[in-house]
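Quick heads-up: structures coming right below.
What follows is a pair of complexes built around subunit A, which joins subunit B in one and subunit C in the other.
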Partner chain A sequence: MSMGVAREQARPATDVVVTTALAAARPKPSTFGQWWILTTRLVAPTLRNGEVLFAVIASVVFTAGWFIPLNHIMGATSGMSSYAQYLMPLIALQGIAFASVTGALRAATDSVKGVNRRFQSMPIGPLTPLAARMSAGVHRCVVGTAAALVSGHVIGFRFYRDLEYTVGFCVLLLLIGVVLSFLADLLGTNSKNPEATTQWLLLPQLIFGLLSVGIQPVERFPGWTQPIVRNQPISQFVYALRALAGDTTSAAGSVTWSVVGPSLAWLVGAMAIMVPLSVIVLRRRT
Partner chain B sequence: MQEKRVHTSDNTVIVNGIGKSFGAVDALRDVSLEVGQGEVVALLGPNGAGKTTMVDILSTLTRPDRGHASIAGFDVVSQAASVRRSIMLTGQQVALDEILTGRENLVLFGRLQGLSKSNARSRAEELLREFDLVHAADRRVGTYSGGMRRRIDIACGLVVRPEVVFLDEPTTGLDPRSRQTIWDLVAGFKNLGIATLLTTQYLEEADALSDRIIVIDHGVIIAEGTADQLKERTGGSYCEIVPRDLNDLPAIADALGSLLPEENRAALTNTADRIAIPAPGGANTLVEALSRLDTANIELTDIALRRPSLDDVFLSLTKDSASIPVPDEPVAGEQPVDVPVVTPNGSDGAKHRTSGRGRSWLASHSRALIMLVTCVVTCVNLLIAASLVIPQKDSGPGDRSAANTSVSPASIRAGPPPGSAPAAPQLSLPSEPLPTPVPLVAPSATPSATTLQQQEFADVQPASPPLQAAVSAPEVPIASPPVAPASTPQVPIASPPVAPASTPQVPIASPPVAPVSTPQVPIASPPVAPPDPLQVILSPLLGALP
Partner chain C sequence: MSVADEQTKPGSAVLRDEAFPIVDRRFGENSPRALGPHTWLQTQRLLIRLVRDPMTFFFGLVFPIFFLVVVDIVLGDTISSVTGHNALYGSVPMVTLIGAMNGATVGAVGIITERSDGLLARLWVVPVHRASGLLARINAEAVRVVINSFFLLCVGLLLGLRFEQGVLASLAWLCVPVVFGVAFASLVLTVALYWPSTTLVDAIVTLNSLVLFFCTGFVPLDQYPQWIQPVVEHQPLSSAIEAMRGLSLGGPVLGPALGTLLWSGGIAVACVIPMVLGYRRASMRG
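Presenting the complex of A and B:
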């Protein structure tokens, strides 16, 4: 109990400090300030805890993992100027999916650790933590996109269209990232097991990634899978991104509503389901 | 938007007829209580008694179904925002950002409460000093010991002044010294005029800390009073006498005389093997009883002074309080004086508390695990590449399609005309004679890939035992019957129920635990399934990509 004794001796001096601090009137926090602080909380340690590093490594690994083995096999059949040009959308999407999984892990950890519960008992608006998590998600997606673009550049990917299409490429990628992050956050927040959430989110990423037109043309899939392969969201995203990136050949497709539209429809549709769902979930908690 | 206070009385916490049901379970039924300024009130009860629900309602996390409650004069439902500005809540688990250091957490919470950057910093320094955490200020909270985590958790709630502090089982799982430190802190709240409502399973804790104890069980307040009053109702300390010869029992009862109250005398049965007498005088009563029995020349096996355990309190409070200190269960009688501390440890809030250490380890390594998956994908690709490059070199691009036909189990065929392909080309793999390089590569690729996956999943979920599955999986492409090559042998992977979280949940201490404590069903178990679809996808692809 020596510690207790030491504390007793120290008390008279320190108690005064605590008393004065605790006697002061409580300040009034601003919602915007809280959003910013919570976002900083999620973003600031990403360099330190390896989140950024892992995003970059993941991007490199995805790029190398797809490109090196498949370049000679698929390159010729892709119909585009290079396999890098063909593969780039999938690399970028994998990077974004990876970012969203990381976000889900953090959201789930917060949820399991009781941090969300604590925030709910504090003078913080019910949507502020969610908004902060989404901002952090955007940050992750930007990092992921940047890493993917650099990796793609190294293997030979180039933007062949005007600047606005390049911007469109990045914006569409970020939009997909936001929707994925939202979905991942919804699942993560309501999960009681961060690790399980991570697994569950990696699976669709793998399955949809492999069964998409990101690696090889739809014609090379078995007949019965072709409708699924062609119409699943990842393939549609790949079509749209490929068109936005362009190519020296015409194989990238042109930027038309019929190419980009389905992607946007998928995104809008997903949000149309998830937003009400998350409102229900938020309501249920209070 | 300063809200008007609904109450202006001295009591900071006023609860009036609160009720809350979860489905068919009444978590709280018509509970009323009050906590005054600077008063420490303990909510004492077993798991599932409704303590946490009560705290949740008062801290605006849950809406009550019935009744009203106000905190610092604000209604918890209609003026929740003002209530949140008046309270400090620490849950059963330490709710902090473990990636941040102790100081960063303090600054974070200070700024969230509206302190300016510099104020938040200086406040953090003060709290670090006050909570003996200066030495660990720049370490991540994830590396803190249990007692330090609990201290920093409470410190984060004190960056600004709360009117009411809710401590939900603040010392569960702490060693005695850390517990003492927390107790000192709570004593400090009293001096600051902060009302404190703490929940606990430990009678000793309620005893040491609180001005008043409210005993709650099955959502109902079953007793209220000071520690002394409650102990008195439970019978206080008692002296237990076990004779060598059971036939001496009546003689003992006679010899004890006035020490054995009438109701205890009446409660004696033929089956009793011991006699218990109230010991208001503690050791003096024991000495007195011993000398009387000695005078009467009665031989004893055992005579001991016992204090009521938490079990005794609940048993006596939930039963009619008449026949209290006749412990007819020998097991309960074996427990020494400090039973209240030991007994509840068995149940240890396991319902709410997920073992922090193990989880945080996993959490901190998940990113590495994600990377592992990534590596698996890469390895798979490289193996595919290997399997393809070899035949390419041998036969040249022209022959590639021919090689492909025979390899591809999953039926993506580049070469031959579609018409010539059987409906499910992969099925023919076992029977077909393969070109020399291919059989070497394909089987070797599959086992390594599956094994890696197995490791991955085994790592993520420590309990999963898919070792046999790993052994059997490689056979998939070779031995499997025509239909659904991957699905059948995979079954063993999916079948072992992992359920790592469903560890012994049995509450040892508290018989009257309500069935509320069950919803522990781990979300962890479903994910065992993943290997199945994953391999379904991967194993065809291994051979299919060419």
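Presenting the complex of A and C:
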């Protein structure tokens, strides 16, 4: 830059305007302001384009879809006060997963249409667009959590522990949502096909949800699948959320590190892999 | 009016009228004799697109296969002990139909992108039979569903599904998803013509999950609460599943088969006029 300016100044007369423009102090945009504008850009249309609506509908569909058919056939095996109490963690997880993966669609659309490339050429911090997308993800997750809690309440789910555990339930759910949003964002940014990304993320969750302890106790699965079922992340999340919600019986388990720890470990581990990956992706010129 | 009538510069590509390829116009573009070849050509084009799109393979086959295996692991024993029959007689038809329905999203996304890319408008101004575009799409969907269902049937046979009713019944078994799949695909196509939004894909997945949770292939009818049983019993997926169960295991076929035909025919009749009008509109507005 400075060399270019020097050369411009060496030339006589004609380029004076250009030279002064280059020499003028560049504006210093506020990063916070940029983040806020980019966030509202993502959040504002969600009411109109159906994102919020679908987060709510998905929660209701998953609640009704797991609870109504399975209540009778599975209810007796759960060992808890009601099947709703048993099923709630899975319903909440599915709802929040749906809410977070729709972010992949936005990330992929931005990537394909060249919005990211445009941002790279503007005086915006490299992490600001990502931060804005994550904030929009948190917004969707809050909507998803609220929808899941309301649907859960309708089928008979209740919090049986103190307020701090209830808060813990919501925070853990939100954390899972944020990590999933991050994953969805990473996959979406690298996707060439915006329409497909949501399904790539969503349908596997249906399969893993079915193959988890959210539906029935691990002892009822065939022997060879039990290690997978018990240790896969959704099951661990279900154990932790179930303990945090509590129950009138003791079947929910107690809130100890051995119950909640694996969930946190999964979340931290996932972030430990995704953050460096995301930095690599962000530094790559598109 | 021809290029050669005017003064053409030496070195331009077309110097004389004869240099143009001779167009074979034995019949007009909308002649019934052109319909066959034009439809076949466009069907080939769409099938090549389908084969090259990994989404087709994933949503039509990989996801249903995984889902089938997992449903068999999780619910298989419970359902078999309730009904006395292998749960596969319900779950294989269910995933075959869901595979056919999920695959329809590929066609929807295809027509949305071809509309925005201007391909539909381009085809509208060249001498192509007006009806061939839509017919080719429906043909391609039918071929896709046949191949899909055949592979899923093979997986079912590997898992332990058996045809007790002979070869003719097994061929009829294969026809059920084709009839319903084509009707559903035309519904999706119609909606995609009027609502060209990426949210459509989410809507289809949500709708598919809903009908999947509330069909007799997932859990036997009597396990659902009393108030919802009429809905579950008469929804299109349940009719198709019961017809297919009758054709493989044995039992009533006529009633459910009539139900499937009524649903499919109803959907097709309801869609045909909006679909033709919508296709014309989408082609003419680009």
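Heads up, the rule we're going with is that the second predicted complex is superposed on the first by the 257 of 286 C-alpha atoms of A that agree within 3 Å, B and C clash if a C-alpha of one lies under 4 Å from a C-alpha of the other, contacts with A are read in each partner's own complex, and residues count from 1 in each chain.
Here is the rule we go by: a residue touches a chain if its C-beta (ideal position, glycine included) is under 8 Å from a C-beta of that chain, and two chains touch if they have at least 3 such contacts.
From a predicted model like this one, the values you see are computed outputs, not experimental measurements.
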Partner chain in contact with A:L180 - subunit B first, subunit C second, else both or neither: neither
Subunit B versus subunit C as contact partner of A:I37, first or second or both or neither: first
Subunit B versus subunit C as contact partner of A:I73, first or second or both or neither: both
Partner with the higher number of touched subunit A residues, subunit C or subunit B: B
First (subunit B), second (subunit C), both or neither touched by A:I155: neither
Partner chain(s) touched by A:V56 [first = subunit B, second = subunit C, both, neither]: neither
Subunit B versus subunit C as contact partner of A:A136, first or second or both or neither: neither
Which superposed partner A:L211 touches (first subunit B, second subunit C, both, neither): both
Residues of subunit A contacting subunit B in one complex and subunit C in the other: 49-51, 54, 57-58, 61-62, 64-66, 68-70, 72-73, 102, 105, 109, 193-196, 198-200, 202-203, 206-207, 210-211, 215-216, 221-222
Complex contacts: residues of subunit A adjacent to subunit B: 1, 3-4, 7-8, 11, 14-15, 17-19, 21-24, 26-30, 33-34, 37-38, 41, 45, 48-51, 54, 57-58, 61-62, 64-66, 68-70, 72-73, 77, 98, 101-102, 105, 109-110, 112-115, 117-124, 191-196, 198-200, 202-203, 206-207, 210-211, 215-216, 220-223, 285-286
Subunit C residues touching subunit A - in the complex, by the definition given at the top: 54-55, 58-59, 63, 66-67, 70-71, 73-75, 78-79, 82, 102, 105, 109, 197-199, 201-203, 205-206, 209-210, 212-214, 218-219, 223-225, 228
For the subunit A and subunit C complex, residues of the former touching the latter: 49-51, 54, 57-58, 61-62, 64-66, 68-74, 102, 105, 109, 193-196, 198-200, 202-203, 206-207, 210-211, 215-216, 221-222, 225
Residues of subunit B defined as touching subunit A within the complex: 59-61, 63, 80-81, 84-85, 87, 89-100, 108, 111-116, 119, 123, 126-127, 129-130, 132, 158, 160-161, 177, 180-181, 184, 188, 191-192, 194, 354, 359, 362-363, 366-367, 369-371, 373-375, 377-378, 381-382, 384-385, 388-389, 392, 410-412, 414, 418, 457, 460-461, 501, 522-524, 526-527, 530, 533-534, 537-538, 541, 545-546
